[in-house]
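Here is the structure we will look at.
Chains: A, B and C, in written order; residue numbering restarts at 1 for each.
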């Protein structure tokens, strides 16, 4: 795979939010995303998993410049978009879109379905007059909704149908890259599969590239080619999906994988679980060194002293953990 | 077990696909609110009273053979009768027409207050909320400043500057009556603008104006309507109160406050002169308050399931 | 078996101004002493309404229109609210989905745990305090003595859910109803809570009704499962019956629409087509008929009975009728 195929490259992305506390505005800084680097190739799906508060949503919103990055570089299709002003971003917005988690909050309740999905066409002057409606009808059909619903309001639909409307809105501008921000988390099991299949079909048909953000590990494995695991604002492991599931290296990834409840009573009875101690530390004051060390059963001195870097350990496998790296190098030299 | 004919177990060929596709006949936000409002008897009573007052204020004086300034010198201080329903005042003017005329002024005051609310208040609050940060801070401190000065002071200031009359009352109301709305709208927008549908609009490259007018303000309509309906009676009452003190509308124009104030010296001889304008004031304000309460219950999202 | 709870032909409806919503239609089940039973279903399947009907906590305009709920020999459907309050929180505990909103933010956690102890168990404050400390350490909260004086917002989501469980358990209820106890939590925290509930099942021998949409959670925790669809029971049986030998097409669909995390090859997911029915206009026949790949003429006309398939195993599907064609699981 040549370098030319890379659609999005993120290098050392940092996003801090300032929280003002108290009357005189003493500032506290939430380190939502800290030094995250990855790339996504054309037509590929990169999964981003992690628990709430790990910064995965912030990454998704920052790479399409809904949030201004604090530091780092975002390169989209060979062009550095990190410092672009909103006005300059406008034309690029046609190429990058986002699908949201909450099918209730992501649609404006006061607009009809037709208005919602033709809004992007109006904003970018892609269609007008009778053409506008024609386009909207086409989009509805594309996501598997009947065009008869065009004058209905969002609340008249079930959550799965609403998610389809959100997808139609994102597709209206014919984008290359879509950030899927937990698009299935709020849906029922039987409907989740419908939406995932729809996203996969659209990817095939339109050559879309996805950044698929979720906390559902079984679904992310199904849809993504490569998966990044985030913990407390850091990327801790990045690998091809089958590799990640068969050979998870980072202790956090292992705990995460073992925590998935399996719909199989016998297997569940036998399963050995890695149960993590305690809770997620606050991103306002993350632990020094490795951020996972407070909950890690293998933590040593070095983990609190220095921050582990992402190190390549396989063909497409990177991990950020002192212990794993030590063990791997030991094994390599003792052999 | 009862017998079931074999052919019933043939595959279902003609599927009534509509059943899977049917979506709930939409109970819209407004439909739902209207349903709630209709169940609230007091609110409906208030609404009908307001409609009646508006109709009377518009058509009443035209239909009546008397005018608000016609003096019948032979009929001074009469009690209510078939000829003059509310009687006549000390100068022989028909009180019914004058009260209706007062309703025009009161409603005009209410209208001005609500227009200011809807334009200046909504816009100001909307812009402050959307801009956020330093701009928001500055704009809202200005609102605080306006708030800290009592209304009467504004009125007196206006009187001095442009003389007494309806104009100075409108000006004073103008300075004050959009403040609360600005606060309400700003607070709403601060929470709304973090919602995903606004994010989506930004991701589509929508301009700030589009986000404000197409997405944010339509979603604040509930609180906006409640605030307007609560502010109208307040404005009407303020006008009546100021006119009663002699700070408002001048004679021969007949605001309810003026009528009540005029009636005061002769209260022992002609109590009806005070009774009817006072009744009109209370009735209108009660009606607006009932309607406002009803609207609050009907539109408040916290009460919705 | 010694049943702690017997639900017979329970039907619950919500009477809204737009019409009657038949949320639960004619469901029956028993819960044995010390048993954990799972009720699975998607949103709108009536699983939460079932729980609320049992607790007699239906919000307006919901009403139980038929059937009986018999708890430890007492009929609950017509019990006076005052008597019901003695049952709730004392003999029957409940854990709700959202640990953020189900604790009162203005009282300390200690106060909230001690309140039912003082009211129902007539303990004095000191005894209640000791008991509360004991309960908090039982649910795995470190340093319970100090945590008693904290307010709910000072706890994390997982900790709050533990507090909720401690509260539900502190009066040693005979039955614990857990309505989506892990849905709002992260996977690793969910795993902690699942382990905790497993331990509790063994240690204090409480019957549990677990309501969830997550088949995985059921497989880990429950002995028996009830699969609900559109307000009625589609299939029920032991967990092994339902997971290894499902007989209702809806159960097949549910199990198939979950991606197999162990699959080597990437296979296409098989979703259940269509949308769940509108409970205001329930179809005449089987509620699953419009989404079912095996639908027959009779499915559109008559509601299928619950066929007996084994000791515990029942499924409501016309395919199980002797005259029906044989179909293999899957499609």
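We adopt the following convention: a contact is a pair of C-beta atoms (placed from the backbone, for glycine too) under 8 Å apart; a residue touches a chain by one contact, two chains touch by 3 or more.
All figures in this text were calculated on a predicted structure; none of them were measured in a lab.
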> What chain is the most remote from subunit A, judged by the mean position of CA atoms in each chain?
Replying inline: B
>> Quick check: more C-beta contact pairs at A-B or at B-C?
In response: A-B
>> Using Cα averages as centroids, what's the distance between subunit A and subunit C in whole Å?
In response: 31
> Cα centroid separation between subunit B and subunit C, in whole Å?
Replying inline: 48
> So which stretches of subunit B touch two or more other chains?
Replying inline: 21, 23-25
>> Can you list every residue of subunit A that touches 2 or more other chains, as numbers and ranges?
In response: 158, 161
> Which residues of subunit C are in contact with two or more other chains?
Replying inline: 273, 275
> Touching subunit A in the complex: which residues of subunit C?
Replying inline: 42-43, 156, 158-159, 186-192, 194-195, 213-220, 239-240, 243-244, 253-255, 257-262, 264, 266, 268-273, 275-276
> Which of the residues in subunit A end up touching subunit B in this complex?
Replying inline: 61, 64, 66, 89-90, 93-94, 96-98, 100-102, 105-111, 119-120, 123-124, 146, 149, 152-153, 155-158, 161, 166, 169, 173
>> Looking at the complex, which residues from subunit B come into contact with subunit A?
In response: 21, 23-26, 28-29, 195-197, 199-207, 210, 214-215, 218-219, 221
>> Touching residues of subunit A toward subunit C in the complex: what are they?
In response: 51-52, 158-161, 188-194, 196-197, 200, 215, 217-219, 221-222, 242, 245, 255-256, 258-266, 268, 273, 275-276, 279-280
>> Can you tell me which positions in subunit C touch subunit B when the two form their complex?
In response: 17-18, 59, 273-275, 277-278, 280-281, 283, 289-291, 294-301, 318, 321, 323-325
